[in-house]
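Can you read through this structure? Questions will come right after.
The letters A, B, C and D name the chains in turn, as written, and every chain counts its residues from 1.
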Amino acid sequence: MKSSVSVQEADFDLSAEVRALTAGELSAGAVASFVGLVRDNNDGAGVADMTLEHYPGMTEKALNEIVAKAADRWELLGVRVIHRVGYLKPGEQIVLVAVSSPHRGNAFAACEFIMDYLKTQAPFWKKESTSEGGRWVDARDSDESALDKWKDQIGL
Amino acid sequence: MKSSVSVQEADFDLSAEVRALTAGELSAGAVASFVGLVRDNNDGAGVADMTLEHYPGMTEKALNEIVAKAADRWELLGVRVIHRVGYLKPGEQIVLVAVSSPHRGNAFAACEFIMDYLKTQAPFWKKESTSEGGRWVDARDSDESALDKWKDQIGL
Amino acid sequence: MITVLFFAGLREAVGTSSESLALPSEVNTVAALRDHLAGRGDKWSALASAKNLRAAVNQDMVPLTTAIKDGDEIAFFPPVTGG
Amino acid sequence: MITVLFFAGLREAVGTSSESLALPSEVNTVAALRDHLAGRGDKWSALASAKNLRAAVNQDMVPLTTAIKDGDEIAFFPPVTGG
């Protein structure tokens, strides 16, 4: 399986990433992908912009471990993860997870699994500028409970 | 919710479709998408090319009904479905389903639901050219059982 | 009159993609129409022997027990394989 | 010597992103290190009052009960919010 993880300030192009993921791999019948975007509102306040902080070194390590966990569990041909850091405005892309596989069930499951684990295991923190000033985004209980789904289903 | 369904011979650009889906919709935090590709092998034989037949009129109707079913069940902001017909070679894109939502759980579920229903409810048929001649692709039992998952989970 | 359509391998087997015909008075379900057409014999028997034959009436996929009436568009085809 | 890192709201609260210090002999877990640093008082008490404090040792996320030793890189931070 080929996999690649990037943490970067630069934006990314979804088509180009998916094309690179499946290039020369003609047994890939399915690509599931996820793009996370900066929303213009959160917890009832307008969001003007956002700054993403991370833990250099650990970030790449954590993302690679999550990808390896997914590759252990599903038949995958390729995984691409990109997470942006730094200054972002509403509508901008934050994160990409793309997964290729011979069949769609594995691609969907692995893509959602990687996003769910990234949300609680990868060291990124968002600070929003809102009409009420700057604030660090609180973790959501729903992100913790999203992991329970995988624990129940596949005994992780 | 905005939705759009196309049946066409032309290829599509994933980035452009996702950008159009979320344009001006700054409450969309999540876009899940699926791209199906022509594989170079199927059921143990090499595939040289493929022709996709459909039922004009019913195809668009069936796809719109599947999208409406998904929009009834999950909080969605936009859905885009493109299915190609005609002559296709290995590596080419066949189908796109892209779903935007405020949060990722709904986007993932609706995207996979639409693909699973499309596979058994939308009137498309594939004919492959293989080393053993032309043959119509057989439906997979796994595609029927993929629907059971939704029936169990959400009582459809 | 009704319109009958055939797709994919079934279209190739019966050798036509569509025909219009007067609905015989005793034919009032999709299954009865299939039997009526298969009764022509020769290549039409593909309709009787098709594994997992699927049908649509007025562009809705339906069970073969579904009633049909004059003016309907009825399609016969194998299980779908898009996506 | 150990390296201690702070991120996000906790970094702002303690007013620094990293420091190196000699590991006191009685400090042998992440939790003991947190208590040791919080014991400095003032802004450092943020470490004691942090809801859901998370930690990593040598870039692996770990429970606060995890053992630490000389040479380790220990990070303290709030629950992560990427993605």
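Basically, a contact is a pair of C-beta atoms (placed from the backbone, for glycine too) under 8 Å apart; a residue touches a chain by one contact, two chains touch by 3 or more.
If you're wondering where the values come from, they're calculated on a predicted model, not measured in any experiment.
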| item | value |
| --- | --- |
| Fewest touching-chain hops separating chain B from chain D | 2 |
| Cα-centroid distance, chain B relative to chain C, in whole angstrom | 26 |
| Euclidean distance of C-alpha centroids - chain A vs chain C, Å | 48 |
| Centre distance in Å when chain A and chain B are each reduced to the mean of their C-alpha atoms | 22 |
| Touching two or more other chains - residues of chain B | 36, 104, 115 |
| For chain C, residues contacting two or more additional chains | 83 |
| In contact (per the touch rule at the top): chain pairs | A-B, A-D, B-C |
| Chain B - residues contacting chain A, complex | 13-16, 18, 22, 26-41, 90-91, 102-105, 107-108, 111-112, 115, 142, 146 |
| Of all residues in chain C, those that touch chain B in their complex | 5, 7-9, 11, 52, 56, 59-61, 75, 77-83 |
| Residue ranges of chain A in contact with chain D within the complex | 36, 52-55, 57-58, 61-62, 83, 94-95, 115, 118-127, 136-139 |
